[in-house]
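Both complexes shown next keep subunit A, but they swap its partner, so subunit B is in the first and subunit C is in the second.
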Partner chain A sequence: MRIPSTLAVAALIAVLLGCEAADPTVTGGPLAMRRLTAEQYRNAIEDAFGSQVEVAGRFEPDNRREGLNALGAAMVAVTPSGFEQYEAIGRSIADQVTSPELREQLLPCQPDTPSAADAACTEQVVRKFGRSLLRRPLTEEDVQARIEAASLAAETQQDFYAGLRVALVSMLVAPEFLFRVEAAQPAPSPGQENRLELTNLSLASKLSYFLWNRGPDDALLAVAQRGELTQPAVLAREVDRMLASEYLVDGVRAYFEDVLLFDKFDNLSKDVGQYPIFNNRMAADAREQTLRFIVDHLVAQQADYRTLFTSRTLPMTRSLGAVYGIPVRAVDGWETAVLPQNQPRVGLLSHASFAMLFAHPGRSSPTLRGVFLREALLCQSIPEAPADIDFTQFVADVNAVHNTARDRLDVHSTQASCRKCHVLTDPIGLGLENFDGIGKLRTTENGVPIDTSGDFDGRDFSGPAELGQAFADNPLVSACLVQNLYRYAVGREETRGERPLLRYLEASFEQNSYKLTALMRDIAVSEAFRTATAEPQSPPEQVVSSEPARDAETGSSAAVGDAATIGGKST
Partner chain B sequence: MKYATLFVLLLCVTGCGDKSASVAPTDEVVAAAAEDKVRGFVFTQWAYDIPREDPGECPEGFNITDEDFFSEEYASVREEVSRRYNAGDREGALELLPEDACRDPGVMPDPGHILFEGSASVDGINLDGIDSTLAGAGQCAHEDFVSVNGEAGVDNQYWRLMGCVKGMRPDGLFDRLFDTKSTILENGYSTLLEIKLVSGTKTNGKVEARLFTSAGPVTKDANDNVVPDMSQIVHEDRMFHSAAFPGQIKDGVFTAGPVDAKLKFKVQAIDNYYYFRDLRIRAEMLPDGGMKGVLAGYWDIENAFDFLTEVYIGPVHLGRAAANNIGYQCAGVYHALPRVADGHPDPQTGACTSMSTVIQFAAIPAFIIMPEAGSEVAAR
Partner chain C sequence: MSTTGIGKGVNRRRFLRGTLGGAAVSVGLPFLDVFLNTNGDAMAATGAPLPRRFGTWFFGCGMNPERWNPATVGAQWELTPELLPIESVRDRINILSGYSVLLNGEANQVHRTGVFGALCGGAPKSADTVEGPTLDVLVSDAIGTRTRFRSLEMAATGNPRHSNSLRDVSSVNPAEPSALGLYTRIFGPGFSDPNAAEFTPDPGVLLRQSSLSIVAEDRKRLERMLGQSDRARLDQYFTGLRQLEQQLELQLQKPPPLEACSIPGAPVDMPLNTEIGNVMANHALMAQTLALALACDQTRVFNMQFSDRASSLRMPGTTDTHHTLTHEEPRDATLGYQPNATAFVLKSMEAWTTFVQALDAIPEGDGTLLDNCLVMAHSETSEANSHSVVGLPFMTAGRAGGRLRTGLHVSGVGESASRVGLTMQQAMGLNVAQWGTDQNKTDRPITEILT
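Right, the complex of A and B next:
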């Protein structure tokens, strides 16, 4: 257990007294600047223009760091070719918005003459969509620059809509749209000379991307624009409103898609000779099944996070029914299934999604599964395999004496350089060997019974069900969720100074019966979430952010405080 | 162009998915399935028994078709038939041909039909329990076969009817169609078998069985095989649910019957059902959980004639085109059917109304779900 004894005692006292333990006054770490993920980009377009506008094109690949794309998003730039892709996607969107089919529905005005510039109408359009895309009220400079560009293009091409497309594309390729730039103002406190407070608008974006995986809605922007969001009571009220919103599902799905490495589904393939029933539809269903399972348990039912590892209830489609070996009535859609008690399949670890993702195209992989469990669910780091490994002994050969993965790994682990990692990964990975490379239940491999017993950090288990229970009972599992969710929320690793906050969050998570939404609330209203620490190499008077400092009330550019706004930036 | 050959090129649309409400099977049902007390199977092979190794001889030759029988009439209109057919006027094309006994067998006298009269090593079951001979008493007298395994008394009058039809011989049209499993993979429905353990164990015990037609087609995998362990909803029309019938599993062999069953098929231009009476099953239980064996029973001869001749593409009746391809005349078969019939004598006339028929089949585990939401489920 990683909770320091003093904190544990404090938490216990708090429980006994019937009150919540106080959020330790911990200032957040450095500011972050994060590139929108593909999903966030799509959400932004849907929020601005509606679902009828399609986002066509490929985005630059995400950059996974410390197990999270959310951290990598703060360490990426846009390459020249990536910018070209953003521009192409932006042009496609602008074409759709100004198309004869959609313009009447989407645009707030018509030009006086379609063959000439119309500054008034352009201004209405820019103001309507700019606030949503840039996640803030537009400044006069923002608007005027786009009117001028649109007018020039409209006059040149004698087409109002051609000019409007220029204005729209300019917003769609704007760094402020493509990147979430945190801006803050100095707010030193005793002993914390470098303490910063996020601006209202930055806090609004940070909050909405954490909880909803999308930009702020009008209500949140309005609160931020009034300068009220940084008030703790108002912040708590807004967080509660957002946690009750239907968009929370998007936020929860986005987090688990990230931490469970579900982007790997985009490139998943299987040997159809080995797994002839596998197809892309089945893979998509497996991915969706796990996400629905998580949302159903943690959002709809507000269940204990640890029940994910022991629950036998899960959403099911007919094609997945063939994998799980259970009847499914639904022909095309989803229905809730309960796994039979006599099946070893229980909880998240036995889902087909994991079995498919953490396996080779033609066979299962206890090692890949073990690495995933250690890294994603226990927050432990497993070193990369050495480059000079001899895999020949591991490859299945029905003529050899090594019929099961356990036999082959035993041989493999005789090499000392391999053993030190495999001893961590293989025992738990072998516990899931009842599931083949697509998750279908099996009890034998090459005619030999599969032994799924093992030891998980000192606790014996006989198979996947007991392994799932061992995960549910292991405090490292919930502590890892706390760590990953906090990192996901702030877009970076926690600083040394933030570690007491993580201990507090772990204790509070336990007090709140391991409810995910309670943990999300704790993070969102924490002092650390709305503050930051200026990096020593950035003198306070130097403007680092690409976001101009703005008056929260009006949205107009102005210096805040006695210096300037400091924006975060990572490499 | 032989317009009749179009028949075999045209495939029907098999996407006949059901629209049942999505209500998950009950916990009890799932548990029963998990304990193997109830096992479900979906058929992966369905083929008339064609004795490949020893099909027997046809010393009188093979049956001819309407195209042969009316060769002069066909020749005189062939070009115009092709022109109208290719122009999309299929009804107009068919009007030029002699009257069609496949639509109405009364339009022409019996042209004759060559029955198979020798011996052949067919598969099947001794359905009537006796070693029958043509010299036996009554209109239902018939000559039994000796099976590949040496079992005497095997009843298979369907082979008597079709043994001298070219398309039914080994490597003939039907054989090739069944080789490609079209009756399964192109069928808009599938045939389901439920086995419920009554006493004993699942390897040696008394069982109760039921046959069903499903509401939709099978699911195929990447290698064009039927996906095992898939859920299949039973057809909502109870006509396609057999009654429960007794059976047993002993020494790795499943036997059951008799039972009357109507089993629906929608393959290529056929959208019909089989009506079998006193159907029996004998199948070997396979290590992979599947089974392989025969269905043997009495095929109602009126239904058999309908099944063979009710062939449509859209509104166009193509029973004669099918007969021309396979190698028989509908009128000949119509009049031959009572001669080969060996079962279910009419109480009034004493004439037999059904013919013994053998279907080779294979099946794999599947989940069988009754059509009513919340109703019981047969499982794998």
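Right, the complex of A and C next:
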């Protein structure tokens, strides 16, 4: 649980020594095969077909691992009902793309006769959309299989577009679309027999999903196809271009949605008796508010990450005004609000989004809030309660009156078996008790004043504002961001060998005034990001990974697969 | 594992140029004669026996053993305070009390060990692992491959994550969260009424098969690209693809007539949350829709979650959930139990009764649909306050096509819950002599309830 603090100490030493260390040449861990998230799927459809095409349907739930769906994505498969959904969504997309309303606008060509096959036009369509969906140029085999199927369908149905739908759906359900598969080539270095380098195309996808939460654009694909992306100078140039792109907002939002557990909003409900003003619009606005707040500070203003915990400026809607007790002029839409100086409400920890998510449907929960702060923002893990406790022994006094959460949770600090974990969660959670189960400010509970003072790892605080400041000042908070962002970028936990890189990233983050984009850049251009280690137990005939090591990088499309040996043997 | 019977171009051509003129296929037999043979246990038209179905029904946070477990075993057991709601179906169900997940030295993973121990035959070894597959997947591998849906998962709580059904930890079968969604999936596009006088195959089905065949043909190339664990995930993907191919093949054939099958109206769209009234209503609608899906032989395996593990059910206007009540509500000194938490136990038993009645309401063969079903109800704890996995509450409903007796209480104090799972598999006709791992391994089914 204390591991980050040793990392922080190491970072501190590095800084004190005044060494502006270079990226340690650390090789990345295992390759990842990641299932697209729902948002990534939507972005891919938008990039391929434009925003008029609607993605209607439900996706399989993500699977959170070590606090991140990005790690679960490298572990989940597709279930039969999940596949059924993908196919249904894919057909709906193909129907829209070939519809009389959109076909002329979206397709690169039109058939000579709409009631007959047209191989040339089919090929154009397949190559255009296939490159975008599969994130690589198509091979001759890819194209021929689809032309053949489309032609047969067009002939039997006497409808060119019916054939095109067959081809489009086949790409929309292809595993290479639904999964991002990393491919790499053996590149052993002294002492590192299993060292791999990502192919240009895999590196392009890994970068664009990390920074933009979507596939590579044409420019990036072109650089990758020329085989230039793995050159350090070109890579740095492309990363800088991507960091300056408007898509960066999508990437930053996706990371924070993940690490802040915002998918919990999908099933958030509150008791209407306890919270009569709560509604779905309010919850959606609260989620959006925090994301806009983060993007505004970290992307638009390029502010110090730590200011998130102390800032009083935040976007507001009229619906949220009712929670924050702030009059909002805008009837519909967003305006910037500044929280009054005399209020305990300051920074990220006081946002309605957290108050709502980390609470029960009918009341706040200092424990749930404390667990969230420890796990998501400090990268500490809080064990589950031991199974064999008889909880009723702690609530045996049926006549006791507990007016505040602090009273109710008192047992946690007096019983040794509870105290072990709750001493970590409850004091900081109780520091946020000024915010009820939907985030409304309160100073009393059941008529009794709420005491929000406490101790956060040796630092006293009097209430939410000082707790926020304590988070801003705690080196674990920035070290945790570094760790989570790196894991998010590579889709797995760091290996032991990658730990020196995390220490370097922490030091560099500090030197760059805790600018998020600087940290993203450091990760994206690091040696570890573009290399990998082959699984040692793989039998030699097994290819380590995907993306046919075809000649895609040079633009030609040779036969797939057969030439692709990785994982030990030469290509 | 073979993915598809479709080869390269030649077969695709066969598909596309096949029977497909879009012509209707008329049913030759007089409508009423096509149904049952004279014994009432098989279809006259095909001679096929009536399908047997298997399902699980889950409720979170258990019960109070001293108020739920009947005092005597056999057929004469007396209703207990927490089993009172099931009175009307007591002859249609069995109570299996006392069976436990034996921990085998592992820690009790709160709200997980009791459910996955029972469904997988062994205590999970850590907080994020499960040694799948779960019982329902074992059964669906055996009996679920000939229907349109391999299995159907449902969550009355409106949350697709509320599912215990998994092949392994990387593929948890998501639940259908709404009754309307469930209805649309079953009776919407792609449904073919088995009792319709005419059958017209949909040419669109052939086009869909063609798309899938392109992907299936690419499988070997993809496999070569992947390491071992990722290849297993690709296998799961192709299992899903194969399942859809089978669904599509079925849609090209005239389904055999089914007397019990009728098409319900669409259920109303419900608010989806954990407030008890909504959950009860959503559950009842789902149960009715599922019953007809079974009667129409759209699936033979199902999993219903009435509530989630660590039940998040709540009463309107209150500050606590079922789960928090089990830990925080004082035990009433005179009653000797937690009254507010226990109210949810009674609601769960009420819902279970509703579910059993929904299956029992549809005549099939000489009896009802329920006679040809086997449903296993269970929870992740006995007493939730202490997360106890000792003496878990199990119940079964239905006779599995005559393979099970009902109306009985069997006590398995000290025995592994694997005995329940083994019994389910054998009653469903699986060729399994022993099941479970380590302490939970058993070769002894519960013979008291087997015929």
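Observations on the model:
By definition in this document, the second predicted complex is superposed on the first by the 506 of 571 C-alpha atoms of A that agree within 3 Å, B and C clash if a C-alpha of one lies under 4 Å from a C-alpha of the other, contacts with A are read in each partner's own complex, and residues count from 1 in each chain.
The rule is simple: contacts are C-beta pairs under 8 Å (C-beta built on N, C-alpha and C of every residue); 3 or more make two chains touch, one makes a residue touch a chain.
It should be emphasised that the depicted structure is a prediction, and the values quoted were computed from it without experimental measurement.
Judged by the touch definition given at the top, the superposed model places A:333 against subunit B, while subunit C stays out of reach. In the superposed pair of complexes, A:458 makes contact with neither subunit B nor subunit C. In the superposed pair of complexes, A:447 makes contact with neither subunit B nor subunit C.
Of the two partners, subunit B and subunit C, it is C that touches more residues of subunit A. Look at A:148: by the touch rule set out above, it reaches subunit C but stays clear of subunit B. Once chain A of one complex is fitted onto chain A of the other, the partner contacts of A:100 are absent, as it touches neither subunit B nor subunit C.
When the two complexes are overlaid on their common chain A, residue A:272 makes contact with subunit B and with subunit C alike. By the document's definition of touching, neither partner reaches A:191: not subunit B, not subunit C. The contact surfaces that subunit B and subunit C form on subunit A in the two complexes overlap at residues 272-273. Taken together, the subunit A residues at the contact with subunit C in this complex read 30-31, 33, 58, 60-61, 63, 65, 75-84, 87, 90-91, 145-146, 148-149, 152-153, 155-157, 162, 165-167, 169-170, 173-176, 178-179, 181, 183, 267, 269, 271-274, 360-363, 384-385, 387-392, 395-398, 408, 535, 537-538, 542-548, 560-561, 564, 567. Across the complex, subunit A is touched by residues 9, 12-13, 16-17, 20, 107-110, 113, 127-128, 149-151, 153, 158-161, 167, 169-174, 181, 203, 206-208, 210-215, 217-218, 220-222, 224-228, 230, 232-234, 236-237, 239-241, 243-244, 247, 273-275, 312, 314, 316-321, 324, 326-333, 338, 385-387 of subunit C. Those residues of subunit B that touch subunit A in the complex are listed here as 17-25, 27, 29-31, 33-35, 216, 219, 221-223, 225, 227-231, 233, 367-369, 373, 377, 379-380. Contact residues on subunit A toward subunit B in their complex (touch as defined above): 272-273, 276-279, 316, 318-319, 321-323, 325-338, 340-343.
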